[in-house]
Every structure is written in structure tokens, then in C-alpha cells.
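Scrolling down, you'll hit the structures one after another.
Look for subunit A in each of the two complexes below; its partner is subunit B in the first and subunit C in the second.
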Partner chain A sequence: MSALRDSLRGRVWLVTLAALVTLFLVNLALQPNLLTPNVLKSNLTVFLPLVLVAIGQTYVILGGDIDLSVGSIVALVNVVTVSVIAMTGGETGGILLGIAAGILTGLACGLFNGVLIAILRFQPIVTTFATGIIFGGLALRVLPTAGLPVPAGYWRTYAGNVLGIPTVLWIFVFALLAIAFIARRPFLTHLMATGGLRTAAFQTGLRVGPIRIGAYMLSGLFSAFAALCLTGETASGDPLMGRLLALSSISAVVLGGTALAGGRGSAFGSLLGALVIGMISNVIFFAAIPFEYQTLTTGLITLLALAGGVLVSRR
Partner chain B sequence: MHRARTILTDPLVLAALSILVLLGLGEAVSPGFARGDQIVRLLTVSAILGIVAAGQSLVVIGGREGIDLSVGALISLGALLAGNVMSGQDGNILPAILVAGGVTFAIGIVSGLGVTVLRIPPLVMTLGMAGVVQGALIAMSRGTPSGNAAPTLMAFVNRPLVFGLPGILFVWALIALAMWFLLRRTTLGYAIYAMGSNERAAEFTGLPTRRLRTLLYGLSGMFAGIAGVCVIGYTGNSFISVGDQYVLPSIIAVVIGGISLAGGTGNYFGVVLGAIALTILQSVLTTLQLEFWGRQLIFGAVLLALMLLYGRTRQLRV
Partner chain C sequence: MTQTPSAEPSPARALHAQGVTKRFGAITALSSGRISVGKGEIHALLGANGCGKSTLCKIIAGTVSRDGGTLEIDGRPADLKSPREAEALGVALFYQELSLVPQLSVADNIFLGHEPRNAAGFVDRRRLIADTEVLIARFSAVAGSGFAAGTNVSRLSPDQRQIVEILKVLARNPSIIIFDEATAALDKRQVDLFFSILRTLKAEGVAIIFISHRMDEVFEIADRITVMRNGETVAEYGAGEVDRDTVVHDMVGKLADHQREARPPRPAGETPRLVVSSVSGGRLRDVSFSVAPGEILGLGGLQGQGQSAILQGLFGAEPFARGEVSVDGRPVRLRRPADAIRAGLAYVSGDRGRDAALHGRSIFENIAAATLVSERRRFVWPSALKPRFEKAAAGLNTKYAGMEAPIGSLSGGNQQKIFIARWLATDASILLLDDPTKGIDLGAKGDFFELARDLAAKGTSIVFYASEDAELLGLCDRILVFNSGAVTAELSGDTRDAFHLTRAAYGETA
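Moving on, here comes the complex of A and B:
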């Protein structure tokens, strides 16, 4: 048993993967048409925003911090993007400009968080809660009520295929490539050192401040990607979008085997964790559990999964 | 000069100053804001937040990243249970308080066991527990509000009892006194600080840290449940997400009150002032008749300003 635990140490995502496969098989038994391309694609479309936000959240948590503002960043990026597209008329150039504006917004939000926390030494939980309120307020300033549709070119591309492969699958693959790219940069090692033992990292000469800011900017960037996906899914602006993403993304990160204390874990694990959360709600939906017990069942399964994840990954 | 600086950055002084400034601001914007009965009204609203924050303070002082995110769901649960036990009858008030406080205490203990025995990080454990309780609330109420407050409870929370003050303020004062006594005058209190500042050292001195920490989560649950009884006394009825609005404010009140989220320091009197300051701030922002986004922006900015003054973390360069 302890040998098993030893071999799993550092590869907690294997356990998450096993849970995901199990849930997938249960889902397949309950919903026989799961393997048809359309159903798989619609599942991926639903899961993708949480997957992206959870990847970004992982980097912040690896650095020993936390980002509760991701939901508001998603809302702000969404309204900025749809507003810029509406202002420029909705041609292809305008759409690209809107996307660029959204990505810059996400990066700016991350930079703001990072500077407050890493340079001014603000407490991460309370600070990102406060900046989340500010970003949410700004989103309501940009677009007071839900509406303002995006041009058909945007959501048709998102729902359709590029070179014969669904756009959502492309985005998923790009997310995997991004994880692999970041995993091969010295940045990730430095970030994990910063999260593991901050004082030691500082004393070995690592520039701890910029590293933590970088993690927050990655979180902002991936939140922006998630917002662009949600914009493609809903085809309009909504200043209250993404309300629950902060807490679900933290659950996904923990399910993926990343330690909340920082320093240990992987973005790939969080990606699997986000898929597990999505599959849990799928299974509960198809298991014909009475409506009033669905939230309770989801809560219990999530709590058990979180406890299991922590038990396997702890040293 | 140095001394003046120390006094000015003392959380208690700072919170008290913020309260005075906010009251002045409110009075300037809308004359009558700082009138006696209005202040009593503000204190009544602060009391509910303050009672939740009492439990939150204990968990945070106890250390090891202590935090309780399940208080919102437990407030809603306390309100639902109390409302159904009371069903509008004065005679059922005591059983209602016992049921609400007892069940939430038991749930808090379960969270505490998850944190201590299974060593699940508090943030994750209490977040997961919040999800479970939220689900239980939906299953119990089937989505429709149920239960009524008894008239005497509503009068106790809303109407003047003695000296023009409603009964809930006396309850809050008693809780503050009990918190002071617990933390400063009992060995249990010193054990909580010891555990919060250095858990290993506390263990080596023979403190039963697991049991102690489990108890803290139980108490936090119980305070949330009692706050739930106050909520239903304040509004007369409840809905299943009535407690959600208190979760993060309870943590902010703790931080404004000068308790470090790292644990081991601070006291409840700062948190009392913090809860009052936070409530008045929200009230002033409502009075300003700004658009919602403007209020949000100012609220966030004020929180950040407070962080700048004394919510900062340790410097790496010594």
C-alpha cells in the first residue's frame, strides 16, 4: 500500500485520470450515445471554460497564492470583447480586435493582482476577493445588462470546424500544448520553488516578485481564454458571467492533486480535475436522481473526491 | 513620531477611526444618517455579521491556514431549521435555537475532523462542506422557502428592549465578553494562540491540538447557526441562500479587526469594530445613490486601502 502511494507521489494526476475514466464509463452506461461526435463535442464545449480557468489557477496556487477574482475577470473580458466588436462594426478585423482587447484585459487584471500581492505584499485571499469586486464593478460599467450579441462569424467559428476538426477540440489541444510549453520553461521550476519555500527561493536569488506576478498574469490570460470560449457559447455579453468559476476552479486544482500550500502539482492534473467536475454533473444528470437531491449528491461526491485527492497526494 | 505611527496603525484605532469617518461621511451625504435610531439599526445589522465573524476569528486564530467558507451555508441551514422548529410559535424559540446551534455545531465538528484527522486543507474542506450543506438545504426545502420566526424573536432582534437597544445587541455584547474571557482568561484560550502561532511547539507541550482545532470548527459552525437564527428573527423568514452574503465579509471583518490570516494573533474586539465598520461602509455606499457598479468599485477600493494599512504579509528581505 505504501509502495503504491510512493509510486503515485508526484503523479497524483494518475488517480484523477482513473476517476475520470470511471466516471466516463458510468456516463457511457447511463447515456449510450455519449461516444457520438456531436455529444462529445457538446460536452467539451461545456467543460472547456472551467478547464482553462483551472489551468491558470494552478500556476497561482503552485506559487503559494490564490486567485478568487477569476470569475470577475471572465465577466470583464467578455463585456470588453463584445463591446469592442460592437464598436468596430463586427467585420473579421473587428472580431480580432475584440479578442485582442479581451486578452489584454485579462493580462492587465492579472498584473494588477500580482503587483498588489507580490510587490505591495497584500494578503492574497482578501485582495483577490476585493479586486474581484472591482473587476465585476467595471464589467457592469462597460455593459450594465446582459445583451449585445456578437456577430455570427464569431459563434459560428466557435461552434463549427476548422480544417475538419471542431474548434473546441483545437482549443483543447492548444491548452495541452500551452501546459507542455510552460512545463519546459525554467519559469515553472522557479514558480514551484517560490511556492514551496518562499524564503529559500528568495535567498537563492530568485526574483520572487516578478515570478508571482507572472503566475497571476497567466491566470488572467487563461481566464481571458475561458471568457472568449464562453462568449462563443452564449454569443452575447453578460456582466455577471462566470460567477461560480473561482470556487470550482480551486476544486478542480485540488482534485488534480495540486497542494493548496503551493510548490507541488501540475496544470495537467487540474485539466483532468476540471473534466472530473464536469463528468460528475453529467453522471448525476443522467442517473435520474430526483431534482432536489442533485445538488446534495454533487456536493457529497465532490467532497469525497476532494478528500480522496488530498489523501493520495499528501506526504 | 514612531509611537504616533504605532498607535495610528493599531487595528483597533484604525477601525474605530474608520467608523467615525464613515459616520461623518454618511451624515454629510444624507443628514440623519448618524441619528441615534439609525446607528442602532446599523449596529443590529452588524451584530449578525459580528456573530458569524466570532466563529471565523476562532478558526483563523487557531492557525494552519484556518478559514471557514461553510459559514454561509450554515447560516442558511440555521435559519431554515430555526424557522421550521419555531413555525411562528413563541414557545418554540428555545428548541429552535438549540436545534439550529446543535446541528451546525455537529457539521462544524465534521469539517474539523476532515481538517485534523484527514488533514484536508481548511479552504477545501469547508468549501466542500458548503456544497454538501447547500445540497441538503435544497433537498430539505425542495426549493421553496419555509418556516416563520416567532413574534417574540422578531421583537427581540428588531425592537428596543432596554435603553432603546434591541436584545440582539446585548447578545452580541455577551458573545464579545465570552470571547474575551475564553481567549484571555482561560487556558483553552492560550492553547488556541499557542497552536495558532506554532503548532509543533504546541504539540510538544502536550496540547491536544487535533481535538482543539476540531472544536474550533464546531464553534464556528455553531456561531453561524446562531447567526442564522438572528437572520430569520431580523427578516421574519428565510431562503436557502440567505447566508451566502456573509461568507467573505466575515473574513474581511476578521482581517480589518487585526487578526492575521496566518493565525496566532489578534482578538475579537477588533473584529467587532471591523464588522461595524464594514456594515457602515456598505450603508454609506447605498446612501450615496451611486449606480451599482460605482458602489462595487468604491467598496473594492476601500478594502484594498485597508489592506495597504495593515493586512500586509511578511517581508522577505530582513
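Moving on, here comes the complex of A and C:
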């Protein structure tokens, strides 16, 4: 048993994977057509934004910080993208310009957070809570009410196929490749050292400030990707989009075995964690649990999944 | 050796620092630091606690910036603003407080910031592991079990971590290395191997500054010795042309002996209040002593040799692994602070912010904290307790606006008095003082010692650790000197002076 614990300690995501398989089988029992391509694709479409935000959140948490502003970044990127597309007309060039503007917005939000926290040494939780309100306020300034549809070219591409494979699957595969890419850069080791023991990282000569800023910018970047997906799903602008993403993404990160204290964990685990959270709401929905019990049950299952990881990894 | 201040560039000189000064707030850490190390030379830097040797090393390594003086590396003036810049010039510092990240593997730690990369900029894991294994092989005979490139540092023992730290320094191929207490956690075999590596580095022309708390090691390995005292370099000589007592005399200086204050001899045949027998665990190795009622026992030696560990162990904060403790003849088990409080022990830490203060709460609440535990109170009637606390605080000559004022409104010295009052209110019979005057101004220090003497006169037993030798010599009846977690000497009567204290701190038995 202790040998099992030893081998699992560094790989809490295996527990998350087990939870995911279990939930998938339960879902399959409740919803026999789960394995048809269309259902799988619609599930992935629903899960994708949280998966992307959780990946970005992982890097911030690995660095020993936290980002509560991701939901508002999603909203701000969404309204900036739809507004830029509307301004430039609905042609392909305009759409690409809108996407670029959205991505730059996400990076700028991350840079803003990172400078406040890593250079000016503000406290991360409070700072990103406040910048979240600021980004949300900016989103309302850009687009006061929901609306402003995006051109059909945008959402048709997102809902359709590219080279015979669903766009959402492409995005999912690109997310996996991005994780693998970052995992092999020295940056990730430096980030984990920064989150693990900041004084040691500094004494070793690492540039702790830029490293933490880099993590916040990754979080902003992945939030922007999530916003572009949500824009494809809803096909319009909504300044109040993504409200629950901050805490859901943190849950996904923790479910995936990343320590909130920093220094330990993986973005792949967070991806699995985000899928678990998505599957939980699927199972609740198809289990025909009365509406008034759904939230309660979601909470209990999330707690159970978290407890599994904690019990396995505890000394 | 003659020194010219303007130090013409000499090809054989790797490092030359002269007239280096550094102030931290009101405290002058360095008033005139000087060290000069040649290529292929092992240079020992010695001095008592707080003499400035660590500060000088940190300045050379770029972690602390200097206020004045000159620093030359390889004959060129160097103005270092960060560890990174020092590293670029070939300087590597072995950190006394370890610089390892526990969550990362041995390989990741050793090459942190210097990971081997392939053409595309990815980490070359295969080369990383291979390079690490080559380094580990140097220590493989003495590294112990479970020491591999992929092992997480959090799973290593203290001596293995120290070896990783050494390897991390070696992996950077530096031309100047500062080993600050690099042998502290190593056993004899590991030290021997480490020294053979140092000799290899020396043959390669590396300049090495070696700081150790063991005089034997210094005379075994060093070519030259620089001695510092009170922030100033006071002597430099070849290791072969000097004897140990001269070195100790230079560390202590002439003035030190006048600081001693005569203490009345203890009556013979007293029954001890506190008896500690053969406690071990953590850094401690088989420590035994006893304290009589009304006695002030000092714990001396260089910093971090186990003095705080004894006090925290007695208070149950870091319980001992082995050994026995008895109070007034009754054995006590000290597994957590509440056990210690009920056995009549009290602990005052120099780190008030971390260990003592209830921030933002009133003076009343801060005093009450210990009483509530010792008397197992479930309900609190402030009006009944207040007169008691006011009496306890008044005895200390403490200035405060009122019991309801927040603790933060007081100066460091007055806060420390409030934390003493916290324990006086519990009628503690044994007071453990863990470097209590850290960051307190001189006037408040005087008051504090006056108070400690009064308490001892009334029969309280005091165990006192101070990082400043003068405080120990001024206050204590007896001093136990610690080195590497064990007691190397007990000083009382004639031997209670700065010379014997410093000599014992460096591991020389009295």
C-alpha cells in the first residue's frame, strides 16, 4: 500500500483519470447514445472553455500565485473580439483581426496582473479579485448589453469540421500539444522552483519577477482562447460571460493534483480535472435528479473527487 | 603581508575586497570588510557571531549590495546588483540556508537555471540526467541510499541535501566559490571526500573562501586565514604561521574581557529545577544539563548549532525524538506547547512577529493567551483577569496606553515585555528565552536584562540563548557552548569569558 502511495504521490492525476473513467461509465449507463460522434462533440464543445482556462490557471498556481480574474478576462476578450469584428465588417480578414485583438487583450490582462503582483508585490488573491472587477467593468463599457452577433463564418467554422475533423477536437489536440510544449521548456522548471521555494529560486539566480509575469500572461492567453471558443458557441457578445470560471478552474486545477501552495502539479492533470467537472454536471443532468438537488449533488461529488486525491497523496 | 589600498590588478588574485561597508537600518553590519583570495587558494574566513562574515560573503555573491568600498574580481572592479551578475563573473555561493527547491528533483535542482537545452530550446532531459549522474558519482561512496538524479529533494536527509547543494555549486564550474558552513550537516567520511574535491578544485586554480565552525577543519584545509570582528577585518595570515589561540584572540579582541560581570557563585548541592538528560532529535546529539532555581543558564556558540532546537524542544514546539526531561524531580512529556505550559515552562522568542504576537489584537488578549491555556479556562471574564494582568505588566516597567490598545502600538522592546508578562501571569517557574533581544534598541535591552535578573533573584530558572556573546557573558551564571548539536564546553567561573566562549564555539574543548 505504501509503495502504491509512493508511486501515486507524484501522479495524483491518475486518481483524477480514474474518477473521469468512472463518471464516463456512469454517464454511458444513463445516456446510451453518449458514444455517438455528435454527442461526444457537443460534450467537448461544452467542456472546452473550462479546460482551457484551467490549463492557464495551472501555471499561475504552480508559480505559487492565483488568478481570480480569469472569468472577467473571458468576458472582456469576448466583447473586444465581437466589437472589433463588427467594426471591420464580417469578412474573414475582420474575423482574424477580431481574434488577434482578443488574444492581445488576454495577454495584456495577464501582463497587468503580473506586474501588479510580481513587480509591485501586491497580494495575488486580493489583486486578481480587484482586477477581475476592473476587467468586468471594462467589458461592460465596451458592450453594455448582451448582443452583437458574430458573422456566420465564425460560429459555422467553430461548430463544423476542418479537414474532416471537428474544430473543437482540433482545439483540444492543440491544447494538449501546447501543454507538452510548455512542459519541455526550462520555463516550467523555473516556474515550479519559483512556486516551490521563492527564496531558493532567487538565490539560484532565477528572474523570479518575469517568471511570475509569464505565468499570468499564459493564464490570460488561455482565458482568451476559452473566450474565443465561447464566442463560437454563443455566436454573440455577452459582457457577463464566464462568471463562474475562476472558481471552477481552481477546482479543476486542484482536482488534477496541483498543490495550491505551488511548485507541484501539472497542466495535464488540470485538463483531466476540468473534464471531471464537466462530466459531473452531465451525470447530474441525465440522472434525472430533481432540479432543487442538482447543485447540492454537484458539490458533494466534487468534494468526493477532491477527497480521493487528498487521501491517496497524503503521507 | 603588506596591503596597498589601491590594489594594482594582479593576475594571480581572483578576488579582492577592501573597505567594504554595509548598514541595515540603524545597524552597521560591516564597517571595514577586507578579503583577498588568490587563484588556487583555500582561504578560511573566521569570526564570532555577527562579525559580518556572512554579510561580506553575500556582497561578494551579489545577494546583498554594498554601501561602500571596492570589490575586484579577476583584477577588474565589479559592481554586483544580483546573484545573476555575480554568477556571470564566475562567483558561486554555497548557501548556509539551503537554496534547494524541495518539490523538484535532484537533477532539476542542480541545474536550475542552467538546464542543458537542445537546438530548439527544449530541456535535454537525457543529458540533464547523465550530467547529474556524473556529478553524483563523485559522492556515491558516501551519499547513502535513495540518492539518485530523479529523487525529489523533499525525500532526502539533511546531509544528502547538503551534498546536492555542493554539487549545485560545482555544476556551475565557478572560478570563485564561497562555502559558507558547507560541512555543517556532513559526517566525517563525507567531509573527507568533500575536502578531496576542494583540493582538486584548488589544483584547477579555483579560489575558495571557506567558512566553518570547526577549527580542526580550518587548519586541515585552509592555506590562508582572514579573521573578522565587529564588522571589520582584523587579521590575515598563512595557516601555517599561526596557532589556534592567536586566531581565537583575534576573533575576540582585547575589549571583550571587560564586559564580563561578576556573578555570585551558586550555592553547592542545590536541587535542580529542570533536568534534561540525553535528548536527541533534529540537529541535537545527546544533550544533557540541569538548571537550579534562580539560575540563569546561557546557551552559546555560533548560530544554528542546536541552541534554539533545545528551547523549542523543551517547549514542545519541536518535540525531542529521544531523551528525558524532568521538572522539580517529576518526569514530563513535552509533545506540544500546552504540555510545556502546564509543566511551568514559558517560551519567549526573538521572532515576535512569528512566534508570539497576536497581530491586531489588544494587549489584554496578548497577555491572556498563555493564562487561558495553563488554567484550562473555557470561559473568560475579562474584568476578573484584568487586575492580574495589569499587575504583571506593571512589574516590567512597561509603557502602554491601556490594556485595550493594539499590540502593534508598542515598540519592539515593550512588546517583548508584554510577552514576558504573558508568562508571568501564568506563574511559570522556568523561562526559556530564545534570542529575545533581536531587533530591540539598547535602552530596552538594558531593561530586559534587569527584568531577567529580578526574576532569577525571585527564584525563576532561566535558560537563555543569545546570538550576541556579550549578552550571554553579561547575564549568565553558566554557559553551555554548542557545536553541531552537541555541548562542547561548560563555562563558569574563570572560564566564563569571551576567549573561552569563542574557542569552544569553534569546537575546541575547554
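Please note the rule applied: the second predicted complex is superposed on the first by the 312 of 315 C-alpha atoms of A that agree within 3 Å, B and C clash if a C-alpha of one lies under 4 Å from a C-alpha of the other, contacts with A are read in each partner's own complex, and residues count from 1 in each chain.
In this text, a contact is a pair of C-beta atoms (placed from the backbone, for glycine too) under 8 Å apart; a residue touches a chain by one contact, two chains touch by 3 or more.
Since we're looking at a predicted model, the values are computed, not measured.
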Following the overlay on subunit A, give me a clash-or-fit verdict for subunit B and subunit C. clash
A:202 in the overlay: touching subunit B, subunit C, both, or neither? Say first, second, both or neither. both
According to the stated criteria, A:193 is in contact with first (subunit B), second (subunit C), both, or neither; which is it? second
In the overlaid three-chain picture, which partner chain does A:264 touch, first (subunit B) or second (subunit C), both, or neither? second
Examine A:185 and indicate which partner it touches, taking first as subunit B and second as subunit C; both and neither are also allowed. second
Check whether A:144 is in contact with subunit B, with subunit C, with both or with neither, and answer first, second, both or neither. first
Which partner reaches more residues of subunit A (counting touched residues only), subunit B or subunit C: B
Once the shared chain is lined up, is A:212 touching subunit B (first), subunit C (second), both, or neither of them? neither
Residues on subunit A lying within both footprints (that of subunit B and that of subunit C): 199, 202, 259
Applying the document's contact rule, which stretches of subunit A touch subunit B when the two form their complex? 66, 116, 120-123, 125-127, 129-134, 136-141, 144, 198-199, 202, 208, 247, 250-251, 254, 259-261, 292-300, 302-303, 306-307, 310-311, 314
The subunit B residues in contact with subunit A across the complex are 65, 67, 114, 118-121, 123-125, 127-129, 131-136, 138-139, 142-143, 248, 251-252, 255, 261, 291-297, 299-301, 303-304, 307-308, 311-317
Residues of subunit A touching subunit C in the complex: 10, 184-186, 189-190, 192-193, 195-197, 199-207, 259, 263-264
Touching residues of subunit C toward subunit A in the complex: what are they? 63, 82-84, 87, 93, 95, 97-104, 108-109, 112-113, 115, 117, 121-123, 152, 168
